[in-house]
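Next come two complexes built around chain A: one with chain B, the other with chain C.
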Partner chain A sequence: MSLVWRDIAVLSQGGRALALSCFFLVLAASLFPFAVGPDTKLLSAIAPGVHWLLALFLAVLHGERIFVEDEQDGSLEQLRALGFAEGSLMFSRIVAHWVIAFAPQIALTVVVDIFLGAGLASAGQHMLSLLIGTPALSCLAVLAAALTLGARQSSLLMIVIVFPLMIPPLIFGVSAAADSGSAALMLLGASSLISLVIAPLAGHFALKAALK
Partner chain B sequence: MHRFANPARFGRLADRVSPVLWVLFGLSLALGLYLAFFGSPPDYQQGQSVRIMYVHVPSAMMTTGLYGFMALASATALIWRHPLAHMAARAAAPVGTAFCLITLATGSLWGRPMWGTWWEWDGRMTSVLIQLFLYFGYMAMWNAFSDRARAANAAAILALVGVGNLVIIRFSVEWWNTLHQPASILRAGGPTIDGSMLWPLAAMVLAASAYAGLMILKGMKIELKAVRLETLMENQAAPTTSYRLDLG
Partner chain C sequence: MQATPLDQPLLSAKTLRIDRGGRTLIEGLTFDLRAGEQLVVRGPNGCGKTSLLRVLAGVAAPAAGTLTATSVGYLGHRDGFKDTASVACALKQWCALARQQNPALDEVLAQVGLADRSLFLVRALSAGQRRRLAIARLLLRKASVWVLDEPFNALDSAGRALLTQAFETHCAAGGCIVMALHEDIAFDGAKTLSLGEAAA
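Entry: the complex of A and B
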């Protein structure tokens, strides 16, 4: 637990990373009316997709730096020497990643929905789908970061390997955000739970190889 | 299994298996093509264009099969530290990618007259496209590290995560949107396809498998030579580089 607090404190950089997430969301959401025109009917129709695409980008944008600095200054090695297993290093990074990338997004769902003319009624549904589904995105982003640690052009490589894996949560997430009655929300929850099992496990071996 | 971990022994085995595979490939391809063009009837609905199936379906099977092979080889490499397994997985990737591209291209050509569209965001087509992305990511992973062992390890973990995800992707994409016909060969209760079409298809599947096997063996031999070359170059370069200050 102390590890989780430490990672959140270090990676949020005194709240600056969180503020940047908020700024990115408001800015990126306000680009959509320019891109597709200020037609609120169209904008509110694509709102679930906009939320989820922003979530995917937030995941990789924060994911690419999640290990790099701590690997370069030796902190990761130190944490391992303190007896933290690679799996728990993974888990605490996943939690920290989620706090930095997605806690702001969930808080700002209403703002983005107002920008897109989607109204407050659907904002709750959008928020719920993000809440249930974004843990899966954090897991996959952190796992991809662990796999590409030390690679050439690691940030681009990370995006290339992680976006295909994020398609199922994207599909379920958008469906769950658009339609409250469907099974999508449950499938979304299932993808989050599966990712929470697989990512620390696979990341355990990935980090072990990276830190050898 | 570790008996074949010796590169020399593997090389001898590969040299002995390859000619057999070449013969098998040539015979089944000739037979399959003959049956596909002359020995099988046109479909009562699709006409002559049904013959695209004899390339499309084997390629699709190889696309999935080779990904599975890649994952199995990666698991073998990670669990039993089998030195050749990483190479087998790496050699399978470009072959699988090629079959994946053929699947998409022939599917597109077939879709145009049958469904009236080159591309549709249909469940199965989309999942094959995603599989192509997974192949690309896997190969990119291999090329992204200067350290071969690190690349092998990262790529193997990615292949294993990918194969688990592939099942979920298949399911999710089909759940999302479906236009493609349901499976008609590998299904419970026997195939629904007529025997006159099943035989050329079986021959073509055999030809594609033999070809994939050949290419994997070839890829592994090239990989072994590359490793040997790298070691030789390192040993030769060692005296000169030792004077240079290592800034890395």
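Entry: the complex of A and C
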């Protein structure tokens, strides 16, 4: 638990990263009416897709820094020397990434929906889909960060790795947010659960290779 | 520090092989370190001193062989402190991670000569002071095995004396030390492992 708190404290950079998430969401959401036009019907129809695209961008926005600083300043070495396994380093960073990227998004769902002219009724559905699906995005972002640790052009690599892997949660997430049918929501939950098992496991090997 | 029977090695390496960049640096390394013992690893640049210490500290895995160690305190080239944290906060955070209850921060900071710097940001410290801070963390960790990579780097003569004193206290208290040192730094009373010669 102390590791999770430490990672949240370090990655949130004294709250600046949380503020970045909030500003990004509000500003990006406010641009959609300008880009698409003031047609509230159209805006509310694309609202699920907008929520989930913003989620993808947030995942990558905070994904890059997950391990880099700690690797460069020697913190990862110290954490390993303290006996923290690679899997627990992965898991705590997945939690920290989710708190920094997606907790603000879930809290601001209603605000984004107001910009998009979607009703409060649909905001609940959007929030539920984000709550269930975003852990998968955090897992994939942290896994990609572990895989690209120490690589040159790691930002480019990260985008290339992470966006294709995020397509299934994106599809399930948008359908779960658009429609209250339970099938998409269950598939979304399943992708989060599978990611929560696979990402720490795969990340274990990725970090091991990076720390060699 | 954990109580360990005197005849039980605190650190035991068996037929270790260490690779780096696809090249084998060290092969078939076997040694035991018991309470009170010090091992100095020497050798030219690139012979694998740091790679060996990273393996001994549990940071990296050996390519082959087994390693058993009790609690390890590691002092590497990079110290793992965030520039934007205060000295006291940085130490507290690492103590929390090492599950150290009520660490004697003030006492240890005074011991390493940073008593008046506890509210300073880490970025305001000089290289030597950062090294002293890393030594403070090592002292607070209360590990039985110290793995130190060029521990005297950046330290002034007072810092070196302080560290040598800490070595003596640690070994007298039943700990052991492995450290990498440059050829030109004399260090008496310790076993020596010469890597360059072993590899040649």
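The criterion applied here is as follows: the second predicted complex is superposed on the first by the 211 of 212 C-alpha atoms of A that agree within 3 Å, B and C clash if a C-alpha of one lies under 4 Å from a C-alpha of the other, contacts with A are read in each partner's own complex, and residues count from 1 in each chain.
Following the convention adopted for this analysis, contacts are C-beta pairs under 8 Å (C-beta built on N, C-alpha and C of every residue); 3 or more make two chains touch, one makes a residue touch a chain.
Computed from a predicted model, the values in this text were never measured in an experiment.
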item: Room on chain A for both chain B and chain C (clash or fit); value: fit
item: First, second, both or neither for A:I114, with chain B first and chain C second; value: neither
item: Contacts of A:A202 with chain B and chain C, given as first, second, both or neither; value: first
item: Which of chain B and chain C A:A19 touches, first, second, both or neither; value: neither
item: First, second, both or neither for A:A151, with chain B first and chain C second; value: first
item: Touched partner set for A:L31, first chain B, second chain C, both or neither; value: neither
item: Which of chain B and chain C A:I161 touches, first, second, both or neither; value: first
item: Computed vertex angle (chain A) for partners chain B and chain C, CA, steps of 10°; value: 90
item: Smallest separation in angstrom, by C-alpha atoms, between chain B and chain C in the superposition; value: 7
item: Chain A residues contacted in one complex by chain B, in the other by chain C; value: 212
item: Touch list for chain A against partner chain B, complex; value: 143, 147-148, 150-154, 157, 160-161, 163-165, 167-168, 171-172, 175, 187, 191, 194, 198, 202, 205-206, 209-210, 212
item: Chain B residues touching chain A - in the complex, by the definition given at the top; value: 78, 130, 133-134, 136-138, 140-141, 144-146, 149-150, 153-154, 157-158, 160-162, 164-165, 168-169, 171-173, 175-176
item: Residue numbers on chain A that touch chain C, as the complex places them; value: 2-3, 5-6, 9-10, 13-14, 69-70, 72-84, 208, 211-212
item: Contacting residues of chain C [partner chain A, same complex]; value: 19-20, 54, 57-61, 71-74, 76-82, 84, 93-94, 96-99, 147
